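Below you will find the structure I want to go over with you.
Labels for the chains are A, B and C, by order of writing; each one numbers its residues from 1.
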Amino acid sequence: MTVESTVENKGNFFEDFSVGQEIIHATPRTLTTGDAALYMALFGSRFALQSSDFFAQSLGFSVSPLDDLLIFHVVFGKSVPDVSLNAVANLGYAGGRFLTPVFPGNTLTARSTVIGLRENTNGKTGIVYVNTTGTNQHGEVVLDYARWVMVAKRNPDTPAPEPVIPTLPAAVAASDLRAPEGIDYKRLDASASGSTQLWDDFEAGMKFDHRDGVTVEEAEHMLATRLYQNTARVHFDGFTQKDSRFGRRLIYGGHVISLARALSFNGLSNGFHIAAINAGRHVAPLFAGDTVFAWSEIVDKAPLECRADIGALRVCTRATKNRLCANYPGARDDDTDGLILDFDYWLLMPRR
Amino acid sequence: MTVESTVENKGNFFEDFSVGQEIIHATPRTLTTGDAALYMALFGSRFALQSSDFFAQSLGFSVSPLDDLLIFHVVFGKSVPDVSLNAVANLGYAGGRFLTPVFPGNTLTARSTVIGLRENTNGKTGIVYVNTTGTNQHGEVVLDYARWVMVAKRNPDTPAPEPVIPTLPAAVAASDLRAPEGIDYKRLDASASGSTQLWDDFEAGMKFDHRDGVTVEEAEHMLATRLYQNTARVHFDGFTQKDSRFGRRLIYGGHVISLARALSFNGLSNGFHIAAINAGRHVAPLFAGDTVFAWSEIVDKAPLECRADIGALRVCTRATKNRLCANYPGARDDDTDGLILDFDYWLLMPRR
Amino acid sequence: MTVESTVENKGNFFEDFSVGQEIIHATPRTLTTGDAALYMALFGSRFALQSSDFFAQSLGFSVSPLDDLLIFHVVFGKSVPDVSLNAVANLGYAGGRFLTPVFPGNTLTARSTVIGLRENTNGKTGIVYVNTTGTNQHGEVVLDYARWVMVAKRNPDTPAPEPVIPTLPAAVAASDLRAPEGIDYKRLDASASGSTQLWDDFEAGMKFDHRDGVTVEEAEHMLATRLYQNTARVHFDGFTQKDSRFGRRLIYGGHVISLARALSFNGLSNGFHIAAINAGRHVAPLFAGDTVFAWSEIVDKAPLECRADIGALRVCTRATKNRLCANYPGARDDDTDGLILDFDYWLLMPRR
């Protein structure tokens, strides 16, 4: 069953979803070098592959691919008006895979399939599980992920649907990871990329304090979130938010992920691609005026099938607000003061 | 008579204008996908035609045209150093017509003709009426509009000129509207554009609360206004503005128009083009920290000559600050609390 | 001797530098029309050559070159992680020359050679002199300049190196200036550029109050500085800066230079190229919320060899914060209240 997007309405409520329902999200988006420049200005990322066409070409790309998280945010943003406009909470992501690089000039569309539903016992809300895909203008899926959100019911008296809870992977299997084809990462120029440390040099258990901190302004997170055409009101409407639990605008959780990823260059300079998002937990909200720090831990590593030039590192990046990361906050469950993000992903890094 | 631009001087005073005078405004401007990305980050517009090259091509465009209001702001901005640097007030617009789409890579120039002058009875100021045109690098006029501003006199003792008050239309006639040629809007993919509601479904009297609100930051309106190379000091110079009537920077009125237009996607998703600006009234100023809401009323509709694929809707969009629009503020003359903008324009929307 | 970049480490300390050492800075950067649009939004520059491809082509360029200061900031930014991450102070620039225009699509790399070292008598810091070059993807040097910074020692007990103090020019000789080749600036359209005043009309001693003022926001200077991939923590980390001497984020000095350059259009509209940076002194820091004003003085003029179409003006541009420039602050040594920048450079301007 295919339904049209409902963006001009008041968003979907829990009752509006049914398992198997497919939603085509509105407003396809052509990404350009203009978006890449804005993403640079917003996060200051320094990974050479996304920064230099010349560097990208030296590995076999036509031009620099766009940042993986920019793709994620754009696809996610498209799903907001249909999936989470009436969300009480974004509960999690799982099984995210980046399947094809996206280049300036590519046009992305997004669609979601409802893969699970479970009403909460209070009868006022329910959990909606969707699988969302982003597709380029050639029909190639560029990104595929599951997420689940708590959505308000329109009417508490509506009977609960039969609960369907999908099986979601704790992590993407290394054998399911894809590296860009036709590229030879052995040609890496380490003086350009900023580090001679390659996949071979990393082991599970290694920790890196990314050291730098960045204070976030209201104008910045709103520029970013609008760039993704994400319309969630809590990020923009300071007037209505005055009466909310936090009394102010909430920063889009993806903003924290992008900030942490940019900071992670200090330690993971050759981590060119995010191949998979295993899980992302927004431990606490971030507000304008807060300063974000981050650290990462290598939790696993795996070669990629048929690829001697690039391998995968499973990384857990944690971000804090207003707390330095020299002693790795969040590494122990009882030390989560200031922790705002726990992001578990597979990073691809060239091999020696 | 043609005079050179006077941007390096102190701007023109009322005495410097004469009816029939033509002013070539300085600094032609090539617009690019970079400008489109910034405009997206600033306003978060979701109209599919301006967002997706692929969607635009499906209708017959080569690529996505740039947002009509971006064109307006750039042309308007060029006229500021010559026309309104010494303006006491921007009084109004009329007869604005968008004549040719503008695409990334096009270069715009602007010129104005003085079409009216009237000294005020206080002898200190006068009203200057200009007709301003924006032209692309092929010499095609892309935008044509009249505006009138109250300008200070250099010397109150200068004798008043013979008053000339131009006849300006209350609204652009539907027969004067132009839709892009060579396009077939019947090919519209409603799942991409976000709505199945087309021109046929709208009737005069319909009202739409656009629902979302957006809080504005100083950094945002200044980034926008500089992007248009608009140099009006009141928007940028907080130091001097401390001693002004409002004690702070004023936000460019066009910023409100663009915010309201982006919000209007909720209800007018297929309103792809602004064909004409009938009138625009900035009822009250907007300041950083205020939250903008908007609603629209359909006030008229008209088919376009020789076009079965697209028609015109005359829309009045009203914006407020710090006030929700559920009860349509400004719909009655005695309910203008929080009203900041009353914008009357012709929108083009595909037909069934 | 060539060493790899050390960006993943804690930056270089005084002991890490040796005279003759060559540092290849990480992360090459392709600049695009997206960067040009952002630079426009950040500074609102109105010089016709950088604003209009059509205007640029009328002089013989393929398209508009990128702003010279954008090039400077990007090259400078690349050197920060290796040269000045542990800098106590940026002391000065000298001998900066812009050698080749940079166009959208060009990729820049940067490298520095240590040309001098001198430990301070306190034993805790030393002065590092570097010559930094920016190179395009064809291997052409686009920018070449010297700078010196005070850098902390890792260990005060390390013995001081033999002092080497390079000879740096007080100003670039006019005979060393380069104007773009194959261009005929005589074709200038003064109605487009905004002024009929050309090189011939300027004389040493002339002063110009650029009049406009611009208030700076935290979001703006951070967006700009990240666009240049400049990682100096003092600009971004408000949390750590609370305990610093100023108690808050410091604005990158180059931001002030770009603001002053954009303001200088009022008076120097045809000053299309910065050919050389003779010296730049950041007299006092700028903070968010301050309003910047600027004025310029012509201090010398020189024809260029083999060029009848364009000449050089040596300009000193001074910027202030929260002080108007009508009486030229900084013109006298005892009138430096509010002065923040003293920037000495060679400007190229078309001749009659």
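Note that in this section a residue touches a chain if its C-beta (ideal position, glycine included) is under 8 Å from a C-beta of that chain, and two chains touch if they have at least 3 such contacts.
Keep in mind that what you see is a predicted model, and the values were worked out from it rather than measured.
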Review point. Is the way these chains touch best called a line, a ring, a star, complete, or other?
Key: complete
Exercise for review: Taking all residue numbers used at the chain A/chain B interface, answer same if over half belong to both copies and different if under half do.
Suggested key: different
Practice item. Take the average of all CA coordinates in chain A, do the same for chain B, and state the distance between these two points in whole angstrom. Key: 36
Check your understanding: If you look at chain C, which of its residues touch at least two other chains?
Key -> 32-35, 37-38, 217-220, 223
Check your understanding: In their complex, what parts of chain A are in touch with chain B?
Key -> 2, 4-5, 7-8, 10, 24, 26-30, 32-35, 37-38, 81, 105, 107, 109, 137, 217-219, 222-227, 229-231, 233, 236-240, 249
Study note, to complete from the structure: Per the touch rule, the chain B residues reaching chain A in their complex are 32-38, 40-44, 46-48, 51-55, 63-64, 190-197, 211-215, 217-220, 223, 265-267, 269, 289, 291, 293, 322, 324
